[in-house]
Every structure is written in C-alpha cells, then in structure tokens.
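Just so it is clear, A, B, C and D label the chains in written order, and each chain counts residues from 1 on its own.
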Amino acid sequence: MILTEQSVGTQLSLSLYQRMLVIRRFEESALDLFSKGLITGSTHPCIGQEAISVGACSALKSTDLVLATYRGHGVALAKGVDAKIAMAELLTRETGCCKGRGGSMHLCDIACGLLGTNGIVAAHIPIAGGVALAAQLRRSGQVTACFFGDGAACEGEFFETMNMAALWKLPLVLICENNGWAISVPVSKSQSTPDIADRAKGFGMPGVTVDGNDVLAVREAVLSAAAAARQGEGPTLIECKTVRWERHSAFSSGKPVDPEAAQRWRKADPIPRFAQSLLDAGLSRAALDEAEREATEEVRQAVEFAVNSPLPDAASVHEGVFAPPDQPLGISGLKKRPGNGLAESF
Amino acid sequence: MMRKAINEAIGEHMRGNAETVLLGQDIGPYGGTFGVYGSLFEEFGPERVRDGPLCESSTVGFAIGLAMMGIRSIVELEFVDFAPLALDQIVNQAAKMHYFCGGQITLPMIVRTPIVSRIGMGPQHSQSLEAWFMHIPGLRVVIPSNAYDAKGLMNTALREPNPVIFLENAKLYSTQTEVPEEHYEIPFGKARTLREGSDATVVAISGTVPEALLAAQELWQDGVSVEVIDPRTLSPFDTEGIAASLRKTNRMLITHDAYQTCGVAAEISQRMMETAFDYLDAPIMRVTGLDVPVPSGPLHTAVVPDRARITAALRALLH
Amino acid sequence: MILTEQSVGTQLSLSLYQRMLVIRRFEESALDLFSKGLITGSTHPCIGQEAISVGACSALKSTDLVLATYRGHGVALAKGVDAKIAMAELLTRETGCCKGRGGSMHLCDIACGLLGTNGIVAAHIPIAGGVALAAQLRRSGQVTACFFGDGAACEGEFFETMNMAALWKLPLVLICENNGWAISVPVSKSQSTPDIADRAKGFGMPGVTVDGNDVLAVREAVLSAAAAARQGEGPTLIECKTVRWERHSAFSSGKPVDPEAAQRWRKADPIPRFAQSLLDAGLSRAALDEAEREATEEVRQAVEFAVNSPLPDAASVHEGVFAPPDQPLGISGLKKRPGNGLAESF
Amino acid sequence: MMRKAINEAIGEHMRGNAETVLLGQDIGPYGGTFGVYGSLFEEFGPERVRDGPLCESSTVGFAIGLAMMGIRSIVELEFVDFAPLALDQIVNQAAKMHYFCGGQITLPMIVRTPIVSRIGMGPQHSQSLEAWFMHIPGLRVVIPSNAYDAKGLMNTALREPNPVIFLENAKLYSTQTEVPEEHYEIPFGKARTLREGSDATVVAISGTVPEALLAAQELWQDGVSVEVIDPRTLSPFDTEGIAASLRKTNRMLITHDAYQTCGVAAEISQRMMETAFDYLDAPIMRVTGLDVPVPSGPLHTAVVPDRARITAALRALLH
C-alpha cells in the first residue's frame, strides 16, 4: 500500500491507525473478560478484520447508517460508539448501549447511526435495504452500509436484497467481509465461484473485490460506492478479502481448529502492515506509539466502566417488550449524542 | 364489507401521513390479492404503493428497515400460509428488536395477511396460523371477524409503535356490517360480546364467528341462551373479559379454524382454568380445524368448524 | 423456426404437436369445468406456454425426474401423466393421481417421474436440488428438471439452490418460464436485469435464454443441458421467454387485466406457429388435423372420466396424515405404470 | 451423555444404511455445532457428511428431495431459533406432502436442532419453539430429556417413514445417564415416569426435567410425594399416559422452557380437561419461560423455570 499526500492526510492516517488499535484492544479485552466468565454466551472478535470496518466507516458521513453482524464490534467502534457503552453491553450491564439486554451480538447505538448488530446471519441485509429505501424516499442523501460475512452470502435474503436494491437503485453499500470461513465451513465448500463479488454482476449491479486488510483500499472502494449511491446510481457490493482470527468465537463447542491455520491471520494482520506504510510515508514511530497508548487507555477505561457497572435488576426482565404508545416512531425523536467516529471529520 | 372497511382505514391514514407506504406483491394496479387495496395505487402512486419482487422474507425485512427510520409500512403477505417464509424476520427481528436494543428503536409496521381457510384452495393455501404469532412476545396480534371491528382495529394498529400482525379471514371480506364513515378506534385487548346469553359461552375467532352466531340462533329456538364472544385481538388478550362471561354462564366452548393441537383454544382454556376454575360446570370444549393438512376441494368442509359441529358440541356441553 | 430432418423427425414433430394440443385442450376444459363449479379454489392454465413443457420433456428420458408449479399441468401431461388421472385430480376426485387431496395445484405421479407440482412459489427448487443430489449420489444418470416462473426467480431459495447445485455440480436443469408476470407484477418491476439467465452467470454456471414459444428451441436447450448434467458438468439455467395467457388463474380476485393485453399471448401462440412450420416442412394438413382430433378425444375422455369419478368420502379426511411404518421410503418400491410421455420414445 | 447417545444411534444407523446422509453446516470436521457428530465425518467422509453453504431453507428442501428418492437424511439446524428460516419447507412441504400426494411419497428425514434456552446467548439464540411444530399435523416431534431416551428415540426416528423434528436441549448434552451399547428403540407416543409420586404430577419437558426432579426431591424432604413424567414425544402425544398420572395424583403442574402463551403446557392442560376433568382437585398450573424475548447474560435465568420456581408453584398447588 502506497501512501501519498493526495490520497490521505497525516491526521486521517493516524486516526485510522488508532481506531484499528482501539478495536484490537477492545476485542482482546473481550476475550479476556469472556475467559473470566464476565461475558455470557459467546463473543465474536473481529481481530484481523479491523481494516474493513475502519476503512469503510471513514468513508461514510456521521449521518450515514450502518448495520452489521455479531462480529460487528469493529463497525460499532469505527462508527463512533463509545467504547464504554459498547463494552458494558458485552458484559450485559445496565449501562450498556442496549441496557444490557442485547449483549455481545446486539450492539445498537442510534445516536451514531449504528442500527444494530445481528445474531441471525444475513437477516440484517434486507433490513439495511429498508433503511436505504427510507433514505431514498426522504431524499435525505444518507447512505446505508451493511456488513456481513461470506457465510451470509449464501443465504437467500442476500440475493433477494440485491435484486430489490438494484431494481430500485437504493443508496446501499453491501460490504462482504470474506474471512474465508463460516464457523468451520471454508468458502471453497460454500461458494460456487472464488469471488463473491460475482454474484452482484448477475443482478446488474457493480461488484468489486478488494484487499480487506488494506485499510485504504477499503476506504477507497467505499468512498466511490457511497458517492455512486448518493448520486442515485444504486447499490454496490464490495467483497473485502480478509483472514479470520483463530476461531469463530470465544466459545466454540466443535473440534479445535488446527493450531497452525489458526495463526494464519497474523501474517496478514492489517495493523502492523498499516503501521509500516505509515512509517514508510514518513510518520514518526513516536506518533504511532502515542496513538497506540491512547487506544489502549481508551479500552482500559471502557473495561473499568463496564466491570463497575450494575447488571440489570431481575425484576426488570418484563420491561420493554412493547414500546409505550407515545414513543416516537423508529429512531426518530431520540436525542443524538456526539459520536467519536471517523466519519465526517475528514 | 370488511374489505372496504380495511381499505378505508388505510386510505384515511395515508392521506394524513405522507410517509406511510404499502409493500408487497400485487398491491398496485391489481389492488391486493383479495382486492383490499382497491384504488389506493391510483390515489397514492407507485412510490407509496410499492409492488415489488416476490420475496416475502426480504419484504418484511425492508418493512423493518423502514420502521427503524420511522416510516410506517404495511406489508401484505398474500396468504398467511406464506408467512413461514418471513417468520424469521417477524419473530427474530421485528418482535424482539425494541427489547434487545434497550428501547432505542420502535417498529411501527403492520403485516396484513389473509387466512384462507374456507375456500378450498388446498393444503398450502388454507392454514390459520394465529397461534404461532400469539406464542411470540413482542407482537400485537389482531384478528377481526367483521367489518366494523376491522376498521376500528386497523385504525388502532396504524397508531401502534409496535409490530402488528393483522389476520383477515378471506371468507369475511364481503360480509356486510355497518361501518361508520368517521374515524374510530377499537382498543387492543378488549373482547366483544356479539350475542348475550346465559347458558354457555362460545369464544369464536375469525372465520368461525358467523358459524357460532348461527349455532347460537339455532339453539335459541330450543330455548337455550348462548353468549358469543370474540376476543378480536389475541395479543394483548382479554382474559378478564372472557372470564367474566364464563363466570356468568359456567360453560364454555372455543372455536377456531386453525389446527386443534397447540391452537389458541388451548391457551384460552388454560387461562380460564387459571382465573375461573371454580366457575366451570363442565370441561371447556373445543371445536376447531382438524389436525390434518387441509385437503383441496369440497373435502375441506369436513375440516373447518361449521354451524352443525358447533351446535352439536354445544348440546353435548349443556347436557 | 426452421425444421430440418437432422434436427427432428416427422414422427417426433407430430408427437410434440399433438402433446401441445392435449395440453391446450386440457387447460381449456379445466377453465370450463372451473366456471361450472367443478373445480374448487382455482386453476392456473399454462395456455400459451405449452412449447416449454413439451419441448423440455421431449428432451428428457422417462427415468428423469421433473418438478413444477401449480401452473404445471403441461409438465405433467408432457412427462406422461395420464390425462384422466390428472383431470380427476383437478376435480379432486378419488381417482385422481393424488386421490383428490391435492387438486389443481398438486399433481404428482411418481410412475412418470413427476415428483409434484407445488403451490408455494419457488419452494420446489431446493427440493429438486435434493432429487438431483440423490441421482448424483446413486450415480443413476438421472437428470432432474425443475420448472418455475419469473416470480419464483426473485425468491431466495432459487439463488441458494443455484449456489449449491453449481458447487456440487448437480445434474439439475432449472427451467424458468418467464411469462412476463407474477400475477399482476410485470418482470420490469421484479427483475433487476432484463434477462433472468444473468443470475446464473453470477454463480459461475451457464445461463441461457431461449424463445420459449419455439418448441424445438426449448428442446435443443434442454437436450444440451441434460447432456451436460449427465456428463457431470453440473446445472444449467434455461430462461424460456414466453407470454402468459389472459390472466394469472381462473379465479382472480384483483382488478381485471386490460383486455387488449390479455389477448397478447395469441400473437405468440406456439401451437399455430409450430403447425405452420410443420406444414412448411412438408407435413400434410390432414396429419395435423388427425393429431388434433386425437388430442381432443384424449381430453374429452379425461373429462368424462373425471366427472364420473367419485369425490373422496368425508370420513377419509383423517387418513394419510402419516405414512404407515412399513411403507417403503420415498418413491422407492412403488410400482411403475407405463407412461405415455414423450420421453425416450426418441 | 446425551451428545454421545445421539451420536451412537446415528453412527450405528449409518453403518447399516449406506445411503443415509447428514446435511447442514459445521457438521463435518467440526463435528456439529454442539459436537454431536464427533468423528462421523472421519468415518463416513464428505459425501455422506455434507458440510454445505449456510442456507437453512434450501438445506431442508434438499433433504426433502433426497427423502422423496428414498435417501434418508438428517439435517442439523444449528439452533432451533433458526428454524423459522426453514419453516416453509418443514410445514408446507415436509409435513403435508405424503397427504397431498395421496400417499405416493413418504419422507424419511430428520431435522435435529438444539434448544439453547439455558446458556444465556440472548434473544435470537434462546428460544424453545416446540409448540410450533406440535401445531402442525404431519410432523413427528421428539424432545428427549436424557441420554437413554435420546438414543432410543433417535433409533426409532431412524426407522420412521415420516419427517421427524428432533429437539435437543443443549444444556442436557453433557448430562450423565446410563446408555446401553446395544440397539434399542423407544416407541413414539409413550411418556416416561421419571419419578413416582402420589400427591401431584409434574409434566416436564426437555430442559426443565432436571429442575423438576430437583424440586420433587426437595418436596420429598417435606413429606410431599411428587410424580415427574416426561412426554418424550409431543407428536404423537401420550395423552392417556399423562391422564393416568393425573387420575392418581389429582393435581398437575406443567413446565417447559418455551414462552408460556400458546406453549405446549396449554395443550396438555386442555387435553387433561377433556379426558380427566373430574379428577382435578385444583386448576392445572404452568411454570414456563416468561413471555419476553430472552435477554442476554445472567438475566436469562430470570426467564427459564428453575427448581425454585417449580417448588414454589408446587407448594401453591398443594395448598
């Protein structure tokens, strides 16, 4: 990856780098907290895939909307969700972004335009289509980005949505994080062609494949897809090829993955790779170290906040099944907090 | 006509709410599978009355996305038999999202779908699946039996911030009941007594209501006084209203078109046991659709409850 | 369409022609019986689309397997189902191929390899995939052909099945009868590209578009797809462009279609068109008339048989929900009747 | 271990039936989502243990196609929560096909799926949807609570010519019960009395069985004798066996993890009312999952029935 002043400024580069590190530290902490029993169920780290969420979200505006999967902590943090309330949600604390009801698979922070991470593979793809349709109907200029995996790209709703999005020219960017695996099933056993981007072509919409471990390549692809979407040209499918972390999740009940394969992600790790290109472009080691220190501190505080937050009261389990009659519709009317995302700062 | 009543409620709402859209297939110039939409397409145009590709699951998914953004939509699923295709979106997304997002999102959306249990269109076009929806917390489940209720309940549904499943028995679309022109709302969770009586209560749902009323009429000629009550909404459910009737008559029969096993009748009966056990002079009876795939053709009439089966059961109940 | 002795013989031509006429008369009779109240629910004529089922089934062997939709009477008759038991099924008579339980949407005759017509749009596509997988596992050399509409081509299962079939190289021929409409929704409002065949390309499998009103063109396309399937080359999608009859079905509750559009199918009618090409190729008018007479008589007898058959006894409604424990698995062990299909005769 | 018991039944069957295949995702080298398949992949290879793309609906569709051709398959759906995605195939195709084809086709197939109600994986991974399946005629619905039953019932399922839904509570996979090495079958439709008693009957299903047994044990120390009975299959259902217990104890409590409304408890209770009303000394009680989306984390324990809730309810019932 070649960094030029034209393509990207120093300030942005450091922000991207730091955000990738926040995500990395966040996920490492989550694994640690899971192993200590503080996270129930499971947690799905996006370690090794940080370049995708960071590159993509840096190409969006803060008013743009994103939806992702259970492996979406990176998307949440890149779109500006405060690490504190995200971590508190992983620990199902009352202070979490979903009041601790959602947990690791269900982060949602409408203030930042994160309209949910989802536990049902691919189900959020048509939902993202509907969000994009709302933006189109309102001529709001918002773009909706939807992140999902290679496994999701086998589910019918992915195709149904491409058909509708292409037909209606929706401002939708479909971002497939092809990390090579759906739990234990390799893409060679799940996809009829090597490139998932091919599917888009069958629907008459653009499909591109990018190196998902190159944060700037992802950024470029999303910038141009978002621009096209905003100009009324319709959806784009971006397949980001990446490498999954050691295994599917913190809790895996199946047979362990072969240890050598499990470490393959390190070779492609987008973080040292981006660091090297920043150094090559003339940034100082000190600047990078400072970014890293800040990232580490941000996550340390998040963990502290989460661990010290209360669990929901058991008596409250009945609350919130239905919205009260006077609650505003959808996400409208709900107050925005300032996010600390990458969006629009550039 | 129930068809017209629902149309009126939706039309009036759309006139006052410029963002509401209709999603589905055959809802445009065709006017909806059973014609409920009449000329809404002509009035509101293709942007708001959006005929789309045939994909039930994603259509409901799109409705959820719109609802998240505060745009209310109504999805027509052509038969409730096709609801299984969209059930993941309805059950795992729509029903739970408000809860698992800690209340950040509400989902103003309606899934309307006909129950076609009384036309003989065969095993894949004759089911009555309301029990499935009633089983799932987070859904409002509405099931009117006449035009008046349909309009008032639809008006209420159109103000709900929560997902509503609106189940319309196709056989009832053309039944005549008086429907006021003006706006009125019927609160969810209030049963309606369609006929007062003192000897037994019939709880009838959807397509069985006209049959139950005929049965009550028939027994009246024999000097037996049967109360007929329609829950109108299954979620919320008017347990107290139904129990009050039972406390008066001490005998109850529940009837619906759906399969018997794990149908709504069992739930209602159990709620009666829990609230009014001491008032029961006899076991609560059910007269329901048989536990068989509904065959095509005239044979289907052997499956759904009719006046004769209800009358015979009531006689046994009163015996 | 140019008829040459190489491509097709006189005997075959007449058989194809006669079978198309049998289907046409059958559907006309069904409409008539529906209007008389003898068919309950609805019935979906394939009038105007006869060239597809006849062309395709003539390219299959009698041991090959077919699945179709509610608009599948043509497929049933072309695959060899006796018009009598098919018509009796439409009238839900005890003598029908499904003992009158299925009706117009559910014809099934395992003796002819008709593994069912289906009332749920697209649901039979993965089922056909499973049938094809069975043939592959057994190395039986059987091909499975699955017929469905343009509307079905929007449903997720269509795409899911293409992915699996291409991945596993299944002996499956997907035949999309694109008649321009899904009830009232035109393909322009349901498909993101003009050609549904494009979808296949996105999955790395061949997709071809043929004139669905040219019986020989359909035959050729299916012959080569079936040959490829038998050679282990995997599935093909064949999009047959055709024109729908007047309306979706005998019973349509929506607004009537504009009368002029409703008659459009007549201009493209595959039957007079094929008749003309047969005459051009030297067949005698008398031979065609004789074929027509036989077709008409076959259907007349079918109607007579059906109308005079008993309805099922109401008491039997409980029977057959479950197969008895000793019934053979699947369709195995069940006796074959000789079919009168087009298959293998050539 | 229930995990091992199911594995043994399937492995033995596959050794004797060269055509049977396994379909699903993560069933190959991984050994199944919860490890039920162990090393079946190593033994039978990729043609028979077929890891495939993630598409639940078509996977079940493929199983139906195989079954039509006489090839039995077992589909693993990773959680029962994902069953809605495949429900059209299960309900509109598999359950009805034998009937609407006039008996021409049988469908030897099994859909296995874990219920994960007791692990705290959140709203989309904690449901217990057996009532939906029990509602649909044409399906066998099996729901074992221990390893012994699981093996015997799976052996029976593997001889069925009809579609079987096999529901396994993930919490029970590693519970220890003695399981014979040799082949044995447990007929469908026969409840099992896990503990005899005379003062009250607890009908417990799946994940609640261990809790019910603990509750019975606790009450025993107080001199109360509680019978615990497990229906084991919901379809067919042993109405008579359960009623026999009720006639002996005159009091009944039904417990399951699933949502309460329209759950299986209501159906069982209604059947008791229909068959043994006169034996009831008190209304039948239910202790079930709450009617809320199951929250993630420790809060989920407030939702599913545990020993304490069952014990408290039994005390009230006996009062």
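Operating definition for what follows: a residue touches a chain if its C-beta (ideal position, glycine included) is under 8 Å from a C-beta of that chain, and two chains touch if they have at least 3 such contacts.
Because the structure is predicted, anything quoted here is derived from the model rather than measured.
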Far-end chain from chain A, centres as C-alpha averages: C
Inter-centroid spacing, chain D versus chain B (mean Cα positions, whole Å): 30
Computed distance of Cα centres, chain B from chain A, in Å: 40
CA centroid of chain A to CA centroid of chain C, Å: 46
For chain A, residues that touch 2 or more chains besides their own: 100-102, 106, 118-120, 154-157, 160, 163-164, 167, 189-191, 321
For chain D, residues that touch 2 or more chains besides their own: 52-53, 55, 57-58, 81-82, 85, 88, 92, 99-100, 122-124, 137-138, 291-293, 295-296
Chain-level touch network, classified as line, ring, star, complete or other: complete
Residue numbers on chain B that touch chain C, as the complex places them: 25-26, 28-35, 51-55, 57-58, 81-82, 85, 119-125, 290-293, 295-303
Complex interface listing, chain D residues touching chain C: 19, 21, 47, 52-53, 55, 57-72, 88-89, 92-93, 97-108, 137-138, 140, 159-162
Touch list for chain C against partner chain B, complex: 40-42, 91-92, 100-106, 118-122, 151-152, 154-156, 182-185, 189-191, 253-255, 311-312, 314, 317-318, 321
Parts of chain D lying in touch with chain B, wherever the complex brings them together: 57, 81-82, 84-85, 87-88, 90-92, 95-96, 99-100, 122-124, 129, 131-132, 134-138, 235, 237, 258-259, 261-267, 269-270, 273-274, 277, 282-286, 291-293, 295-296
Parts of chain C lying in touch with chain A, wherever the complex brings them together: 154-160, 162-164, 166-167, 189-193, 198-205
